[in-house]
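Everything on this sheet refers to the single structure shown next.
Chain nomenclature is as follows: A, B, C and D, assigned in order of appearance, with residue numbering initiated at 1 for each chain independently.
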Amino acid sequence: MPVTEYKPKIVAFCCNWCSYAGADGAGSARLSYPAEVKVIRVPCSCRVNPMFILRAFQRGADGVIIAGCHPGDCHYTSGNYFTRRRMTLLFSMLDYLGIERERTRVEWISAAEGAKFSKTMNEFCATVAALGENKRLEDLRCKK
Amino acid sequence: MQEMMEKRALELLADGTVNRVLGWSVGEFPYDMTPAVFRSAEDLKDRFVYNDFCGANLSKYLIKESKGEGKILVFLKPCDTYSFNQLIAEHRIKRENVYVIGIECYGKADVEKLKAMGLSGITGIQMKNGEYVVETVYGNKTVKASDATAERCLSCKSKKHVVFDELIGEDGDVVEDCNRFDMVEKLEAMTPDERFAFWRGELSRCIRCNACRNVCPACSCEQCVFDNPNSGVAQKAAVNSFEENMFHIIRAFHVAGRCTDCGECSRVCPQHIPLHLLNRKFIKDMNEFYGEYQAGADPDARPPLGTYTKGDREPNEGGNK
Amino acid sequence: MSHSNNATEQVLRSSGVDVRKCMRCGKCTATCPAFDEMEYHPHQFVYMVEKGEIEKLAASPSIYKCLSCFACVDRCPRGVEPAKVVEAVRLAVIRQQGQNHMKSDDIPALLDEDMPQQLLVSAMRKYSK
Amino acid sequence: MQRIGVFICHCGTNIAGTVDVKAVAEALGHEAGVVFSTEYQYMCSESGQQLMRKAIREHKLTGVVVCSCSPRMHEATFRKAASLEGINPYMVEIANIREHVSWIHKDMKEATEKAIILGRAAIAKVHLNQPLQAGESPVTKRALVIGGGIAGIQTALDIAEAGFEVDIVEKSPTIGGKMAQLDKTFPTLDCAACILTPKMVDAGQNEKIKIFAYSEVEAVKGYVGNFNVSIRRKARYVDETKCTGCGLCTEKCPQKKVPNEFNMGMNNRHAIYIPFAQAVPKVATIDADYCMMLKTGKCGICSKVCGAGAIDYKQQDEVIERQYGAIVAATGFNPIDAKAYNEYGYATCPDVVTSLELERLMNAAGPTNGTLLRPSDNEHPHTVVFVQCVGSRCTETDERGKPYCSKICCMYTAKHAMLIREKYPDTDVYVFYIDVRTPGKNFDEFYRRAVEQYGVHYIKGMVGKVTQNGKQLRVQASDLLAGEQLHIDADLVVLATAIEPDKTARSIATMLTASMDTNDFFTEAHPKLRPVESPTAGIFLSGVCQGPKDIPETVSQASACAAKVIGVLAKDKLTCNPCVAQSDEMLCNGCSSCEKVCPYGAISYSDKEFRGPNRTTLIRRVASVNPAVCQGCGACTVACPSGAMDLKGFSNKQIMAEVDAICQ
């Protein structure tokens, strides 16, 4: 059994109103998930520009997850619907370029779903860890 | 065709409908037809050319030209009218300053294909009885039209002019079975590793000459994010594989829902990278996921990324094999 | 008990019915044309399956009294589909006895677009003995 | 270069128990731009804030990073503390090392490392932070109430009471809504008209209240404090200012075959009509679909008999524009159409009626003048069967019904049963129920009275079908407790039909950019803590448009809603969120991509002159954002291909700086 399991770097973009609060909820309930997950707070999932995702991969992230309010519950009424379309297309394009589609993910996590946040992050980490290091969208200049 | 177009342009210049004409003239090489603005009848008679090498989409030049003094005449092939319409939808062209003559088109010749057949010293081209008569310094050569037709014209999506003030030649129809997504489907059917290898093979040739960006009617930003030092993502040269990917993914994303699939990006790429396959992937996905949408067909239509439905598919679902 | 649980599971699986959706309004029973003939009525079928009392139902002649008219399915406000539960119990009994007289190959020829397919199958089961 | 101070909070042992706070302070102290770094027991405490303020003064800090609990908890606290020392509050960033670190990670080394990385990300962001000023916008001190039922009337009266102007827009010719159609009200059995009409009169006479009856909201522009609303005043063909409401025209009108909607179509009215005697405004309206003068140009009797000269056949719809500071949705409800329920025979048997029809049949001003008579033959019914939950509590996928409990049916059915038994003791009354739900003051007592005192037969079970059987109705039902199937020969069957939001609510919600749930009820900003506000600022909810309610609840909610509206109108200025989108005009293409995704209509375009090469001027179409309208979601920033659109406080560069710091 390998002792040193690969520890991936994960960037999680969380919308301020639902998913960031969900992450706080996971904390309050002490529902652990790997420390490799680092959360960036954005007002709405629709603030996430595809450039941010590529940037994260460039700088060494192995997985990027975007979490927003459930469709229909967006604080800004429609933001996450746009997120859904944009990311559907972007992920499909990344896949089309042969870049592992499992490295990117969108999840809808409400403020009440601390347990879902923790579960999602655990699963996503495991998935990305299984893929290993991000090689296909790496920028060697950014590697140590 | 050229005579008819020249005659009509001279009439419109003479009666004051327009004060200049946007068309083509000979560029660096005799087969290299370059967009040009003609400001007088003399200039037009002198330099105006139209033949089967005139592939360039003139609509993008109207962003600037339509803001000048007076009205300008432009010749648009069916596919160009989609770009024109899209730019109208984006408020980039002043429609009232443009006089559009739609010209019929049955596909343009690809000089690279002719060269690949061993032809050299090409000086001109003519369509005769469904065949190309290629004029070269070594005499005329007859070539089967389908052998020399540009790839993008072989999967032409529409011979219909979606906007025009008048027509020279016939107006055609939207081509229902143009098979333009065949190659995209082929790629989708590959394994991710095969796809990765394919695209690395293609994109690694990119020299970041920006020809694709400069010719693209959708890539008409005042300043491109990649040129803007304040954007935080400026990059002038595709230094490594990441930057090649980054530039082309973001470019495709920025034109998603706006790209009319005119194919200019691939036509001008000096490295022959099939860039249109990136745009077509988005077009195909949007058609499948959100319903058929052709950018430019209807300037009032809501683009797929400017709208949504409650039951849209989820990003994690995946589309390719 | 484990036998009973197995039987319950089988009935739930083969009927595809979620008995927990029942809000015990009794509209199925109110609507049932075979009410007088039945020992257990449609709502009881649903409730007893929920409680796991399959054996009682299997032993009752009620399973053959259901006309498979699907009135209960049509009128249930919760979409519970009691007739499917009845059918599933009946099916379980028939299977146990090895009395399945219908050959599946015969079915396609008997299909009628306007007729619920399950109605046809249940009718065959009931009357072909 | 910023001068950044970093403050790490122990939060007692909440953070310090898992994170080596000293190591974090040490590590972050070496980051570029950080001139001060310390840790403290409780940063949010008074002494913690003092410590921060002292450091700001002594070290001339320009930016602050607090590594503590979630920004959702104390961001405001620290921003306020910093601003007391003259630092712009938006120069403060929080690294969440409690909820996101110490509470979820057990290993101290791991947790400390992550805390340092999150701290670095916050520092990277502060480097790029800009001081932001919250804008202010003025408030139009007038409210609009859409819907003139009891909810709208009560809200309007309360707002007017506080001294603010209110307009009521009501689509029918009179205010009053559904309550005006009711006979008696539970659980007190007072007559609906007796308690409603004085309120209608109050509203009509109040100087602060302006009623636009027979009018509809056509367009809504603007934002909280500054709404601009177009109201279509439909042509009544009667001059409201001249009509005295004498009713002579309505008597003389020869077209008398118009179904009377006030009586649920159970009798007829004239083409020119006043819906009911106590209508407010008491003005006649010509029904253009039936008026012979308007249709054929032949008649004109009403004009001849009108002493006030109020009839105007040439009247046109008029669209007026009014400004408001706040808008209340009070669009109310309707019973669902029972026609889909074949099994209850509503469409085929005249003696199967809905509860609202029964209200009219029992009302003194109704089609039978208050005597309970069967619609088919005007005979006294001797057996009446009530069916509860018709169309309520169905599955989500049910096409005929609604998934929710309509809440009011149990009580009004008890009321009906009781009233019938009281007036006609020889009548047998059966109520088929699934559950009897009576939470509410004096509600269960009321229901028990129906059973114990009035002898109403409550039967646990449902009606399966109703068929015409000669002059009677054959009701087949289950009695679940007795295990019987009942066959009752009834004279009248009453369906307690579910209620649904008014059909116009959806289009109004779209105009207001207020969100709705799948059942077309308006969504509240918070189901428990902000139940009368829409998530859209400046939009408030009153009555059943938010969810099923009875009258007492509707009235309390209407008053609560008024209090919230008054809270907005009482302010002279509203401060806006400064983290809003901003368009860089030099980069903007004017392509309208951003406008298409903006949920608030905050983006507008104008042609502006720019300097071109060689002393020329260029005119370009460019976007600008109204900071008072923008809520700062950022959807536009991604739609913009040129990067002209950016979000203050969450700029592209700030977010990418965080990404870089995290992925380092």
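Here is the rule we go by: a residue touches a chain if its C-beta (ideal position, glycine included) is under 8 Å from a C-beta of that chain, and two chains touch if they have at least 3 such contacts.
All values reported here derive from a predicted model rather than from experimental measurement.
Here A-B and B-D are compared, and the pair linked by more C-beta contacts is A-B.
Per-chain Cα centroids separate chain B from chain D by 49 Å. Our note on geometry: chain B versus chain C, Cα centroid distance of 64 Å, whole angstroms.
Note on chain placement: the centre of chain A and the centre of chain B lie 37 Å apart, centres being C-alpha means.
Shared interface positions of chain B, defined as residues touching 2 or more other chains, are 225, 233, 305.
Contact of a single residue of chain D with at least two other chains is seen at positions 597, 639, 652, 656. Shared interface positions of chain A, i.e. residues touching 2 or more other chains, are given as 50-51, 55, 72, 78, 82, 86. Pairs of chains meeting the touch criterion: A-B, A-D, B-D, C-D. Taken in their complex, chain A has these residues touching chain B: 50-51, 54-55, 57-58, 71-72, 78, 81-82, 84-101, 104-107, 136-141. If you check the complex, the residues on chain D that touch chain A are 70-72, 96, 98-101, 103-107, 110-111, 113-114, 117-118, 121, 513, 515, 517-518, 535-536, 579, 597, 599, 631-635, 637-639, 647, 650, 652, 655-656, 658-660, 662-664.
Those residues of chain B that touch chain D in the complex are listed here as 67, 89-92, 220-225, 228, 230-233, 254-255, 258, 302-303, 305-307.
Partner chain B is touched in their complex by these residues of chain D: 586-593, 596-597, 605, 618-621, 639, 641-644, 652-653, 656.
Put simply, chain B touches chain A in their complex at residues 184, 187-188, 192-200, 225, 233, 239-240, 242-243, 245-246, 249-250, 252-253, 256, 278, 281-282, 285-286, 289-290, 304-305, 308-310, 312-320.
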